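Across the two complexes that follow, chain A remains constant while its partner is chain B and subsequently chain C.
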Partner chain A sequence: MMSKPNTMIDRYRWYELAGIYAGVALFLGFVLAPFVEGFLVSLKPLTHLFSSPYRFWPEKASFDAYFTMWERVPLLGRYIFNSILIASVGTLIGVILITPAAYAFARFEFRGRGPLLGAFLAVNMFSGAVLLIPLFRLMRTLGLLNTYFAMIVPGVAFIIPTGIWLLRTYMLRIPQELEEAALADGASRFYTFRRVILPLAMPGISVVAIYSFLTIYAQQFIYALTFNSKTEYMPLPVGLYAFFGRQDVIWNELMAASFLGVLPVFVVFIFLQRYLVAGMTAGALKT
Partner chain B sequence: MTIRQSAIVFAWVLLAPALLYVLVIVAYPLVDTINLSFTNASLRRTYDRVGFENYRNIFQRGFSDVIVRTLVWTFCSVALKMLIGTFGAVMLNAAVPGRTLFRVLTMPPWIVPMAIGIFMWGWMYNGEFGMISGLLQRLGIVEGPLPFLAYGTTAFWATIVTDVWIGVPMVTIYLLAAIQSIPRDLYEAAWVDGAGRFYRFRRITLPLIVPALITMSMLSLIATFNSFDIIWILTQGGPSGQTTTMIIDTYRTAIGSYKFGEGAARAVLICIFLSVFCFLYFRLVSRFSGATIR
Partner chain C sequence: MGQLTFSNLRKCFGAVEIIKGIDLDVQKGEFVVFVGPSGCGKSTLLRMLAGLEAITSGEIRIDGVTVNELPPVKRGIAMVFQSYALYPHMTVFENIAFPLRVERMREDALREKVEAAARVLQLQERLQQRPGQLSGGQRQRVAIGRAIVREPKIFLFDEPLSNLDAALRAEMRIELTKLHKRLKATMIYVTHDQVEAMTMADRIVVLNAGEIAQNGAPLELYHKPENLFVAGFIGNPKMNFLPVKCKAAGPEGMEVEYEGRAITVPVAPRPGMEGRPLTLGIRPEHIRLGGGDLAMTVTPTVIERLGASTVVYAALPGSESENYCALVDGAAPVRADEPLQTGIMAADCHLFDENGVAFERRVEMTQIDPELLAAAG
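For the complex of A and B:
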């Protein structure tokens, strides 16, 4: 199939190649600079950190901060556990709500389907901050302030629209004949959903689950900050924020703790990024 | 019940849990916000209706400055995201060795917990020991430390840059997908006719990713307008209110000083802006998707 222009068009002259790599370096430099700098800071002893003039490379690199941070932030392990817990439970609730709804939108004709899907997507328009006041009052009335519940429940609402959209797109590609055959054999609709559709939709459901986990893990700040004041329930961002806000921030340990907190999502991402990127862009472009 | 009716009932049963959830967590609070905006609600259990007093107060207390600042902040951020995102997408689309790795390396700001990325920027902006001020001093561009978050103008731009940084991966990946969906024949035909690389970009790539650009800029507009974490962590709206956007102002009023009524009135104004953006979005998307099909 490879006709001649096909390969020739992708040939670059040396200066074009140099230009592209320079452009990529500039772009990735912007994207990755904070990570590089943050990591180098975590390796610098505090006395070297606060020294002028500025030095990019650490003079005496050491991993000391990764050990001393446990004393400075005694609950660090707990914070990371809380973050993972909140993201996991949120993902579970999200998937349980999203999967049947996506199936309904993908397969059934009912009055008001279009507007209802639009209404779900409109949820994306609001951030938590706008709805914070009634949610705060609601949580207070129900006595749910300072619980995990208060930090998990609001976040889930904001993964539902995108989740439904992604999974609906995936389910639209499952051939309808399979369900028709099952129904013709006398299977109930629920049985068909559970035994025919769910297994086939698993790759799509996985994408939604990864997306949900990463999103909730990345965005657990405002609810946790507002609805919870118990130190032992804090997720990592809020737990570290308490240290960040102080006058004399122990930067090398803060950065070390941050990198530790990033680790869980990096592991998830490194293994699953291929599926995630493919799934998300497909959902976005095929409208 | 006919088969058709039973199918409809089943569909609603499938929908019910998600629908109920969103009604309780999003729709009810939305209605309640509007309701509270006409009251003097606070931490007390009871409250009185006060009519439009909250709305009158808002504009007497310089809220129009906050609105203008929010719009400028948002538009600058979105414009930069689109510019850098397009640049990144074009660079990552080039068929050079290592591009798969480059694409993966674009993602970290998006997947890392937002607050943690912001902490890192907090260090970068540090005047005496941070990277940016340090490099600028070394290069002799500034004399002496420049604490970016201590001055209004620099803090304003510092928060924008951090917001751009968090938004760019998403924009880049979507635009890259849009570029990749352009039929290759177009490029080959242009190439055969002797069109140069830049000419092909200007005449083929750019016009054909306009719909994706519009979609992404409207979605970014809504997300950026709602941005809270970045400003709250870096400056809490300071110095002297120079980075106070509508969201920050609402949070301060409502949660900071427990003036739920006044806060709700501000939140309602935010919702009005968001609805306008949303309306624009649907208008633009329907117009441009029609135009590209032709």
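For the complex of A and C:
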């Protein structure tokens, strides 16, 4: 046990603690089991995968799959690069568009502000899949099929509403007096935005960036599958189909490649989750 | 014509009129305090002067130039906000330098100015820290520093001390007064705290519901309030008001009757008021133990002993709700629920008519504070 917490509200009886940990364990079990199973599969030789009785623990564990997969699918590196490229460029565009928009929604009074914000929420009710066919026709008409553009832009479009909502809420907490003080000192609106608002909104912008990256990374599959048929532009989730052979699926290498694909997101999250949590909870603006 | 002039200034928010026609002249170098209860429009007035709030009608002139449509920086004002409005992500140096950076001042000139301001405000040691690491008083000084570096014609303060604790507030009051003496700049200061107004102002403008209730030197407001509102607002504890009836007007003043006893208040008489109800005002500190021109026996309900003085609260005979308050000596032999003989002197009394307008007291301001009268011009 850890040292006794100082505040009385953090003290629990032993059975309360047992209950809390049991609940956490159950929840984590459900969430993590597929990952554990996937990882174990990636360690097993292909021949052992369908042995019966099925063994959960690999008998001859090895990381062979992590090496052989590069030979079987030579473009794997390219797929991973594409995934990161699409998510990064999408995040960049998203943040550039969201930040000024969120500021405008937070500070300017204009006709239709409320309905527009409501409409943004409504957009979130449609999943990208519903709009896939119209989007496909649009992309075909514009001659944009089989380009990175076609995979990036729809992803960006779908993060903008949520991004604006997140950042607007954050910006509303920046005291208006700071801007009035800057105005009184002769600063223009844009100067104030750049020197005062942007630095103070940085935690909020980080949250939006992380959210955008994760969402685009996870959603690119559906756009890539529909709007792109060029092998060299494929992101990883689509590229993984290369492991589906005519007769059998190379499960261990497929799992190994999947884990490698999750890695960038994982790294991003580990490095930035501090900001994510801080940005979402903290008032952050005690002057 | 002073340096700053308001003429018939009005402000409406929708159909609600917040500022109802303000006319005011401020001389160069004056320390003017706008004081009033919350919602009286004092902050709005300051924000209109600062250029943060649009003017509905009327005119503000600074140095003879109409500034109604000018942005704040072109008006030659600098403002210190209630929350200080320091930029939390910048160092103290950058906070003070902000207005100069906006002007794109050269780095060496900028550094010199910021350091000069820091010297005046004793912030030299803090220049590289961030506002979050400073105490309330130091943050206040940084906010003032940011106003000083621009060398404005007029300084505006919007309740700058209200976030500080009582001890620090008293300290900052003295610092601000010293600063005013050193800079010799015009300062407009908004507060709801009459102690700040009385202690710092050359001139106090008392606002009530968007209008000027009275405008004058602190002691003038204390000794010669022009109406019931100012009489009740200035002074702590608040002035006592007794309902009286007018008996006669003579060369001695107005003779009034309270509970069947008569007293002649030495004020400029107005004939023809006989039989009309008036209000007699007496400050708690002017109530004496024992007797006076008008003796009253009251029964104290609550007694607050502050050491230096004692505050006695009693119910007025005839009205149970109205508190009758007396400020007496710290060691005064008073006890709750035991009848107490008090008295008031006619010369200490204020008298107001039915509309709350004061009868002018026969008090020569030069007898009270000749120096201050000369300063107020």
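Simple rule for what comes next: the second predicted complex is superposed on the first by the 248 of 287 C-alpha atoms of A that agree within 3 Å, B and C clash if a C-alpha of one lies under 4 Å from a C-alpha of the other, contacts with A are read in each partner's own complex, and residues count from 1 in each chain.
As a convention for this text, contacts are C-beta pairs under 8 Å (C-beta built on N, C-alpha and C of every residue); 3 or more make two chains touch, one makes a residue touch a chain.
None of the values given here were measured: they were computed from a predicted structure.
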> Does the chain A-based superposition show chain B and chain C clashing or fitting?
Replying inline: fit
> Of the partners chain B and chain C, which touch A:L178 in the superposed model: first, second, both, neither?
Replying inline: second
>> Between chain C and chain B, which one touches more residues of chain A when both complexes sit on the common chain A?
In response: B
> Is A:V153 touching the first partner chain B, the second partner chain C, both, or neither of them?
Replying inline: first
> A:G90 contacts which: chain B (first), chain C (second), both, neither?
Replying inline: neither
> When the two structures are overlaid on chain A, which partner does A:G204 contact: first (chain B), second (chain C), both, or neither?
Replying inline: neither
> Hey, in the superposed model, what angle do you get at chain A between chain B and chain C, Cα centres, nearest 10 degrees?
Replying inline: 100
> Which partner does A:V265 contact after superposing on A: first (chain B), second (chain C), both, neither?
Replying inline: first
> A:G186 contacts which: chain B (first), chain C (second), both, neither?
Replying inline: second
>> Between chain B and chain C, once the two complexes are placed on the common chain, what is the minimum CA to CA distance in Å?
In response: 8
> Taking the contacts chain A makes with chain B in one complex and with chain C in the other, which residues are shared?
Replying inline: 285, 287
>> Under the stated contact criterion, what part of chain A meets chain C in this complex?
In response: 175, 177-178, 180-187, 191, 195-196, 199-200, 285-287
> For chain A, which residues count as touching chain B in their complex?
Replying inline: 5-6, 8-10, 12, 16-17, 20-21, 23-24, 27-28, 30-35, 37-38, 41, 49-56, 83, 96-98, 100-101, 103-105, 107-110, 116, 120, 122-138, 153-154, 156-157, 160, 164, 189-190, 193, 214, 217-222, 226, 236-238, 240-241, 244, 251, 254-255, 258, 261-262, 265-266, 269, 273, 277, 280-281, 284-285, 287
>> Under the definition above, what is the set of chain C residues touching chain A in their complex?
In response: 50-52, 71-73, 77-79, 81-89, 98-99, 101-103, 131-132, 139, 146, 150
> Hey, which residues of chain B end up touching chain A in the complex?
Replying inline: 6-8, 10-15, 17-19, 21-22, 25-26, 28-30, 32-33, 36, 41, 84, 87-88, 90-92, 94-96, 102-117, 119-124, 126, 128-131, 133-135, 137-138, 145, 165, 168-169, 173-174, 177-178, 181, 184, 187-188, 191-192, 197, 212, 222-223, 226, 228-229, 232-233, 247, 250-251, 254-255, 260, 263-264, 267, 270-271, 274-275, 277-278, 289
